[in-house]
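Structures incoming, each one as structure tokens.
Each of the two complexes below includes chain A, the first together with chain B, the second together with chain C.
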Partner chain A sequence: MLEYRVEIALWAISGIIPFFMLNIWTNNNLNESINISDVMLSRYFLCAFFVRQFSVVWVVFSFEEDSLMGKVSPYLIQPLNPFFRYFAQHLAEQITRFPFALIIAFFFFIFNPESIWIPNLGILLLSILSTFLSFLIQFLIQSIVACLCFWTEKASSIERLLFIPTLFLSGLLAPVVSFPAYVKSWIYLTPFPYLIDFPANLLSGNETNVSGGLSMQILWIFLLFPLFKKIWFEGTKKYTAMGS
Partner chain B sequence: MNLKKYLEVYKKFLHTSLASELEYKTNILVDLITAILSLIGSIFLLSIFFQNNGYIGGWKFEQALIIQGIYTILNGITNTWFNPNLTEIVKHIREGTLDFVLLKPIDSQFFISLKKINPSGFLEIMLGFFLLFFCIRINQINLNLSFLTLSLITISCSICILYSLWFFISTTTIWFVKTWNAIEVLRSFLYIGRFPLNSFSFSLRVFFSIFIPIAFITTIPSEVFLGLSQLWKILLEVIVAAVFLITSRKFWLFALKFYSSASS
Partner chain C sequence: MVQNIIDVRNLSKSFDISSKEPGLKGTIKHFFRRQTKSLKVIKDISFEIKEGEIVGFLGANGAGKTTILKMLCGLIYPSDGSILVSGYLPFRRKENFLKNITLIMGQKQQLIWDLPPIESFYLNASIYDLDKFEAKKRIKKLSEMLEIDEELYIPVRKLSLGQRMKSELLAALIHEPNILFLDEPTLGLDINAQRNLRKFLQKYNKETNATICLTSHYMKDITSLCKRVICVHEGAISYDGKLNLLLKKLSPVKEILIVCRSEKDATKLENSGFTIKNKIKNEITLKIENNSITSSLKTILNNFDIEDLFINEPPIDEIIGKVLIKKDYDI
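Up next is the complex of A and B:
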């Protein structure tokens, strides 16, 4: 992984959309209406950036490429589910991304020195846990989509479709608190706010329901995991290798 | 350059790539839904910004919708032409098949920039036009000849700048081989184009007008729509577009000197 330093640095830079959003929010004083101070909002968006960095998943794209290239067949013979392979890849890349994310955070604090804060150890551990759970949820959803490769060749377009609600509803572009009431009434039942909004609120010290959020994350994992096992089982039954 | 020959070749490109893309019919449907959802999503985001404020950076909600319309059209163009072709460059260089392109008796930039087409982007372009027509009605813009020519000029300049940015990054593949992530960086910067330039702080505004001219891409055409644009801004956009086009062309020719085929 360290071989691709430039790439990972670029990847970290491509996640800076939350900072642009922060710029719009504070520059137009939009946060006054939702009762979040400038400092809290900037911490929120910084945390959203961090959570995004450590929960981003691209297993669909890897699996689609491998399945089109016929690399899945040898994986299937191995006694380990091939998704463990992708899982390990994701974890390894997250670790290599950590220093770059820290550098970006460092620059962020240079420009916004008033928003420096140190979360206490308990909060830090809890938010690492919830970020990891958010990563697990996204990994499971994408793995389910990836399994659709067994039926259609281009599962990545379905993933691009699912990415849209993730982008707008997860809290990456605007905190869920600021959403209009007609959205807030149902959004907490979907997995989206637990992907970024909940861990980011937790880490930044904004108001949030810790036990409720964590239990919803775990609930979604328990819902998605059997679904993944089912679709994987059906898919491998349907799979036929091609070529010589 | 023989224009007729190039037109003839382009017709063939269109035919072959449409034929191959239409094999994936459900894919096109999924892409259409994606485009619609993403437009709804960005209007939703915009409505959050405007829920307690009448103005953002001096733009009303109805006016900011024009920017969304133009962004959607440009994004559709990106998805139809730039994205499928320029990601192909990465493949050509990695697998060494750029050799075959260079050997063809046709301009290599023409070939790699227009070879493929992704028809699902058309739907997004149409979606953008619908939104624009809607905006023309709610903002009571009266259509006249000078307005039409000016908006046509500015939008074509935006397309040229956008193309040059994409082409420029794809060209760097010759040295770096993998540029997926550089393209991702460009994509995330382009996201800025969904919002009026004035809603950002001064430093970001400078950055996005000088280093990466995203400001020119959507804000200036939208100002033309509202009749706010000064002539110097339009002239500036034309100059920037010309400079970008020429530089990207020069850069491609320069980069080709460094191309060494992949060993087999």
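Up next is the complex of A and C:
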């Protein structure tokens, strides 16, 4: 069991990009240009870390491997869409990550005691909802890309193309507010800022449009879900059950 | 009257296959201008299977038997023709259809590798909407039939191939399907495990009247389970009918080794008009047609002084091997 515990711990630590970014931002006083205080910025990146921990998705890689190894075949003849299995796996792993994420947050507050804050219950519940919606959006986007396995066998390469805008536009490297106004207006039309920036701003107490953000998250889910169903339906017609 | 549970009409399947020439030049050419061709792997086949039947699909590697099974269970989409299984179009994968079937592929597993099989059984039970009490009852019944007990609580990765296969079967049968598609279920199992699996399938078929479609390269699986076989050759059906008729047709004579009391008796037998394969001292091997075995043996036993007698069945693998390389069998 020890190796599993170490794996989970390493896994939680691997999501600490936001802390590196916080370091870069504060050391170069970049926050002054966007009028965010040091404390708010550190809370933002801590929240970005939390949102990332509970919304990270890797379904495209799992599905691609299972598809190439012939493991999808037994799942396809069960009365449950195989993506529910991946969905359940993701949820189970999020629960496993929770204590490790708390430990990391604990150490974060030891080094940044001025950042300690307790969000009110309403904000906390809305942030949990928003993080879950962010997870759903990412899960649907990756599931759509995963379904391309039925045509290309290497859908993960397409996912890498999506990873670049996700990295820059989601708020993982920088809050979206730091982009020029005309770029921001375009970014807010894409699903990316609702993946990390919006839930992280909500949880950290930064100024944000709560109803607008939640509405956009729900809108993207409503747009992506039928697209996923269509691609799944067409893709399974192309399935050749290779490797089995 | 027993109803058809599987009805296949003019079924065809084509795959697009890309090919690449060897070497760097071939790789570059393949990258910029991929050459694909359509390969018809199943060619206009038709057959029916009745409820409760056990049918063996025979064919050489790449003949198309697994592709047929995959189309029957709805895993792959047919290019042409129609399939009705239990009144459903399989490729639509309707919930009620999926609850009625199962597919078991030798060496391919659905059990969760790091957990004991019992966890996978309960997961499958939930997928098939079985409550915990019913699931427990079925696990108990099937584990008794399969003779597995302690193995249910040991992580899958620590089980032997035979134990794993039994657990796979249990996982695949927990919803008590009416139709079983088995693709080489005994692959890699030792002789005892193969025999136990065959015994279990016979019992399951007898108790539930389930229809079983089976492919196997082990002739013992086919001969002990299937009365009917469908031979597939290059995507087309070369024979569809009773296994014993096929065997009789392909092997019309039996060899009988007779040990006479003396060499004199053997010589007398040699000259009595039977077809002789060979004679060594007092041992003589005759070739006798299947339909005259009883009368011929009666004549021999009444007229010659016989010490011992052996009837040699020709090896079934040899007989079936002939079918796999021939296009058409009109029996």
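Brief remarks follow.
The rule we apply is simple: the second predicted complex is superposed on the first by the 238 of 244 C-alpha atoms of A that agree within 3 Å, B and C clash if a C-alpha of one lies under 4 Å from a C-alpha of the other, contacts with A are read in each partner's own complex, and residues count from 1 in each chain.
Simple rule for what comes next: contacts are C-beta pairs under 8 Å (C-beta built on N, C-alpha and C of every residue); 3 or more make two chains touch, one makes a residue touch a chain.
Treat the numbers as computed from the prediction; the structure is a model and nothing was measured.
Shared-chain residue A:209: touches no atom of chain B or chain C. Counting the residues of chain A touched by each of chain B and chain C gives the higher count for B. Contact with chain B, but none with chain C, is seen for A:24 once the two complexes are overlaid on the shared chain. In the superposition on chain A, A:185 makes contact with neither chain B nor chain C. Shared-chain residue A:152: touches chain B; no touch with chain C.
Once the two complexes are overlaid on the shared chain, A:37 sits clear of chain B and of chain C alike. Overlap of the chain B and chain C interfaces on chain A comprises no residues.
Across the complex, chain B is touched by residues 4, 6-8, 10-11, 13-17, 20, 23-24, 27-30, 32-33, 152-154, 157-158, 160-161, 164-165, 167-168, 173-174, 178-180, 183 of chain A. Residues 70-71, 73-80, 236-241, 244 of chain A are the ones touching chain C in the complex.
Those residues of chain B whose C-beta lies close enough to touch chain A in the complex are 24, 26-27, 30-31, 33-34, 37-38, 41-42, 44-45, 47-49, 51-53, 56-57, 176, 178, 180-182, 184-185, 187-188, 191-192, 195, 199-201, 204. The touching residues of chain C, counted against chain A in their complex, run 15, 70, 73-77, 91, 93, 95, 98-99, 101-103, 105, 108-110, 124, 127-128, 172.
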